[in-house]
Amino acid sequence: MNQTEKGILLVSCPDTEGIVAAVSTFLFSNGANIVHSDQHSTDPVQGHFFMRIEFSHPNLLEKLPELEAAFAETASPFSMQWSITATSKKPRVAIFATKEDHCLQELIWRWQLGELHAEIALVISNHNHFRELAESAGIPFYHVPVTKDTKAEATAAHFSILEENRIDTVILARYMQIIPEQLIQRYQNEIINIHHSFLPAFIGGNPYQQAFDRGVKIIGATAHYVNEQLDEGPIIEQDITRITHRYNVTDLKRHGKDIERIVLYRAVKWHLEKRVIVHGNKTIVFQ
Amino acid sequence: MNQTEKGILLVSCPDTEGIVAAVSTFLFSNGANIVHSDQHSTDPVQGHFFMRIEFSHPNLLEKLPELEAAFAETASPFSMQWSITATSKKPRVAIFATKEDHCLQELIWRWQLGELHAEIALVISNHNHFRELAESAGIPFYHVPVTKDTKAEATAAHFSILEENRIDTVILARYMQIIPEQLIQRYQNEIINIHHSFLPAFIGGNPYQQAFDRGVKIIGATAHYVNEQLDEGPIIEQDITRITHRYNVTDLKRHGKDIERIVLYRAVKWHLEKRVIVHGNKTIVFQ
Amino acid sequence: MNQTEKGILLVSCPDTEGIVAAVSTFLFSNGANIVHSDQHSTDPVQGHFFMRIEFSHPNLLEKLPELEAAFAETASPFSMQWSITATSKKPRVAIFATKEDHCLQELIWRWQLGELHAEIALVISNHNHFRELAESAGIPFYHVPVTKDTKAEATAAHFSILEENRIDTVILARYMQIIPEQLIQRYQNEIINIHHSFLPAFIGGNPYQQAFDRGVKIIGATAHYVNEQLDEGPIIEQDITRITHRYNVTDLKRHGKDIERIVLYRAVKWHLEKRVIVHGNKTIVFQ
Amino acid sequence: MNQTEKGILLVSCPDTEGIVAAVSTFLFSNGANIVHSDQHSTDPVQGHFFMRIEFSHPNLLEKLPELEAAFAETASPFSMQWSITATSKKPRVAIFATKEDHCLQELIWRWQLGELHAEIALVISNHNHFRELAESAGIPFYHVPVTKDTKAEATAAHFSILEENRIDTVILARYMQIIPEQLIQRYQNEIINIHHSFLPAFIGGNPYQQAFDRGVKIIGATAHYVNEQLDEGPIIEQDITRITHRYNVTDLKRHGKDIERIVLYRAVKWHLEKRVIVHGNKTIVFQ
C-alpha cells in the first residue's frame, strides 16, 4: 500500500528562463505534490539560481532511484547541481565537545524534544567530562585525547569512529581543537562550528577578551561551515546581544553562551532540514 | 521595440495538486520569466494556497489585457482569486494626518529616497499644521476640518478628494479620527492605520498611558488594515521596544514614536509592493 | 579574623532631600563600602524614591543585627521601608512544574552553572514526569496530585512541604494549576509565574491559540509576581519573538518556549539578587 | 528670586572607600538635591570609579563658580577628575555632512522635536547639497570644498568657523573626509563619527561591500569618538539589523541607513546629556 512521504529537492544552476516551469512540471507529472517552494537568484541576467522544494510523494523511498534517473534528464540542459532527499532518512550526526557544556546540552535537549531532524549517533571529546551527560541521553561517548604528540593518532581515531558510524554531519559544539585538513575535505560543508564572536570581528583566540579590550557595545556568535581557513568558512547564522560597560570578561562569556547555543542550534537545525546551500563562500538559507 | 517590464501575479485558492506547475507553465509559455516566487499553504490537505510571483515580460503594459484573458482560463479550474499588476504603474496614495508629524515625515522622507513604490498624491488633515511640510515636498495639501457637527460634510469632502485624485491607498499616519464605514467599504484592505500598541494589548485611546499603568516592560506599535471593528483589522506588521521603570508616559510616547514610524513604513512599503494578501482576519506577508 | 562579605540594602520611601547623603554616610561610618548603587525616583517632588546598594562589609553576617538596629534610626525620619540582606545566605527556592520541561530544565541548568543565587530545595509537581530530572540533579522531588476533589488536601500538602523546607521563593515553571489565595498571601511577592504571552494581551487559557487566531506578528512571554488576580500581578520581565504567517499553533508553542524559558530565568535571577522592588502593581528592576 | 536649576556632576577617580558618602554629603550641605545618580567601578579593589549625578539647585548658574571652588576641596584627596555642568547652558554643535542626508535629517528632526539638548549652530559640508535643508531649519550652512590640493585651506576654514561659532561638539554625519589631527586634538572626545559597520568588523572603506563579500547575516553601525586611529576611537553605541542572502549591496546600504541614523542619534543624545565618560579607549555610558 502506498504511503505519502516527504522529499526535498535542492537545485542550483545558472539562472535562465523556464527553470521553475520545467521543475514543477517534472514533479507534477511524476506524482509529486509541491508542499513548499522557495527560490533565489543572485541576478535574473547572468546570475545564479537556487531552489528548494518540499514535496510529498507516495512511496518516495522506494521510487527514489527512479525519480533521480528521470530528473537527471530535466536537470541536464540547465547544468543543474541538484539532490533529492527523502526526509524519512535522518542524517547521522556526531558532536565534538571539550569542556563547555552549554552548546552540547542545548543540542541534546532540542533533539530529545524532536526539534532536530537527526540521529545523534555519538559524542566525541578530548576530555572525559561529558560521558555521563551523553550516555544518560542514550548517546555513545568516545573519549579521544588530543595532545601535541598524538594529533595523528587522534585524527585516525576520529576518522574510523566517523566512518564506522556512517556519520553525515559533524557539529563542533565549542570543540577547542583545530580540525585537520583531511577531515575537512572528507566532510565538505558538513562540519559546522560555533565561533564566539560576530565574525569577521575577533577572529582567533579569546574573542571575549578581545571584545572587552575593544570596548564594543554588542557581542555575538557565528555558526559557519568549517573550511581550510580558520574562522573564514561560509556563515550560516549569526546573532548578538547588547552589553554595557558594567560587563567584565566573565560576564561577556556568560551572556555569550546564551547566544552561542541558540545560534548553533539554529544553524544545525537548518542544515539538517536541507535549508542551506553553499555557494562560493556564502550560504543561501531558505526559511 | 520591446522593453522588459516587471509584473506581479498574486494567487489565492484552495490548495490542491498541480497549482505551481500550471501557473509556472502558463507564464513560461506566455513569454514571462519568473524573477522571484513565494508561496504559502495553510495546509496541503484542505488548506488554502497563496502565491506571489514577480516576473519580467517584454511590453507587459501593452499585453496586460491579453495576458489577463489568457490567465483566466488557467485560474478557473482552481477557483483562483488572482491579480496581475504591472509595476510600472505606481499606486496613488493619500496620507491622512492630524498633529503628530513623525509618521508623515518618515513616509515623505522614504518616498523622496525612492523607497516607496507610490505616487503620494496628497495629504489630508483636520488641522492646518502640515501644509508647509507637505507642500515643500511638492505634495498637495487639503485641510478638511472635522467637528462633531460637520462629520457628514467632512466625509463627503474626503470622498470627493479621494475620487478626484484617483486614490488607490489611504494611509492613516496618526490620524486621530474615526474613519466612517462608507470609506472603509469603498477602500477595502486599502486603508492602513498605525496603532500605538502591540495589539491586541491596549485597544482604544491612550495606549501609552494604559501601558504605563499596567507596568509593562515592552511597548510596541501595530500597522493594520482598517475594518469596521476599531483596532481589530488584519495586522500587517508589529514591532516593540524595551522600556524600564524609569520611563514616564512622556518617555513612552517619545520612544514609541520611533517604533510607530518604522512599523508604518514597513507595512506601507510591503502593501505597495503587493507583498500582502489578506485572508480572513489575517495577512500573508511575502518578503 | 575578619572576612569581607557582601550585603544588599533596599530602600523605598517618599522622595525628599538628603536621602542619598544620609544612607551613604551611614554605610561609610559603619564600615561598609559601597560597591554598586542604583536609585530611582518616580518624581523628585512628591514622588517615591527607591534605592538598591551593594556593599562590602567585614563580618557582615555576625554584625547584621547590630547594623539593622543602627539603620532603623537613619531610616525612621524618612519613613523608609528597607531591608539588609547578607548575600552569603542564599534564598531557598521551590519550583512547581507540570508536564512541560523547558522552564524547569533551564532553571536547573542555570543553577548548576552557578548563575542562580539560590538553593533549589525541591521540585513539586502534580505529575510524576520530572522525578528523574529533579533527582538526577540532586533535588528532592514531591509528587502532589491535584484533582477537583483534592484541592484542599493538595494545598495543605504544599503548605507543609514549603514550611518544612523553609522555602523563601516559589517559581511556577509552567505549573498549570491555579494557586490558592492562602499560598499567595503567605508568599507575597515571592511567587513568580511565567505566562506565555506578552501580557496584557491574551490573558487566560491557550494564549498561543489566541495569538494564532488574531494573526499577530510577534509572540511573547511575561514573568510576573502572582497576586489574587489571574495574570495581573506586577510584571518583572517580558520579551518577544517575531513570527510569520507560516507558523501554525504548534510552531508558535515551539518558538514561544525559547522566550518563556529565558524570560523566566531572567526574572528569577533578578529576584534572587534582590534587584526587584514591587511598588503598587509595578516593579522597579535595578540592573 | 531663586529658581531651581538642574546640574550634572561627573566624577572619575581611583576607587576607594567613602567616595559616595563624601560627594553626596557635599551636595546635600551645599543646597543641591540629588535627582538621579549612577555609578560604576571597574573593580572595588584597585579599580577605577565613575559617577554621574543629576541634581537640582536654586540659582545654579549664578552659584556655579562658588560650587566648583568648594567641590575642588572635596575632590582633591580622592584625585578626582570632575566637572559640574549647568544644563541650562546648551552645548553648541556643528554637523559635518557630505552627500548622504539620512543622518543629518534625523539629527535636525530630533532637534526640532526637542530631543537633543543642544544648539545646532551650523552645518558644514564639502558639497552644496544640503544648504536648503539646513537653512530651511534655520541653521546656517557653510560650504567648504575639500580637494587634494586645498586640504590645508579647508582645515583652516573649519577651524575658524568652529572657533567663531564657539562650537563645543562636532558631529560627523556621514562626512566622507578624513579629519585632520589638529582638529582631533582641539576637540578631544568631542567629535563623534558614525561608521557603517559593527566595528571592529569592516574597518575602512566600503564596509557594506565588505559585508556582502564576506556573507555575514547581520550588518551594523557604530558611533564612536574620533581619535588619531581611523575607526578605532572609543565606541559609544552600536546596533545591528539582520539580513539574508536576498540582499545585494544596495539593499545593505538601504537597511544600513536605518541603523546608522538611530545609532548616531543615540550617541549624540547621550553625549549631549553628559552621560558618556571616556576612560582609555572605552566609554562608560550612564542611562
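Brief remarks on what is shown
As written, the chains take the letters A, B, C and D, and residue 1 is the first residue of each chain.
Here, a contact is a pair of C-beta atoms (placed from the backbone, for glycine too) under 8 Å apart; a residue touches a chain by one contact, two chains touch by 3 or more.
By chain, with names taken from UniProt: A, B, C, D = Formyltetrahydrofolate deformylase.
None of the values given here were measured: they were computed from a predicted structure.
The greatest centre-to-centre gap from chain D, using C-alpha centroids, is found for A. Of the two chain pairs examined here, A-B and A-C, the one linked by more C-beta pairs in contact is A-B.
Note: centroid distance chain A to chain C, computed from Cα atoms, is 38 Å.
Spacing of chain B relative to chain C, judged by their CA centroids, is 42 angstrom.
Within chain A, the positions touching two or more other chains are listed as 40, 246.
Chain A contributes residues 40, 198-202, 214-218, 220, 234-240, 244-246, 248, 281-285 to its touches with chain D in the complex. Against chain B, the residues of chain A that register as touching in their complex are 17-21, 24-25, 27-29, 33-41, 44, 56. Listed in rising order, the residues of chain D touching chain B in the complex are 102, 105, 109, 113, 115, 136, 246, 254, 258, 262, 287.
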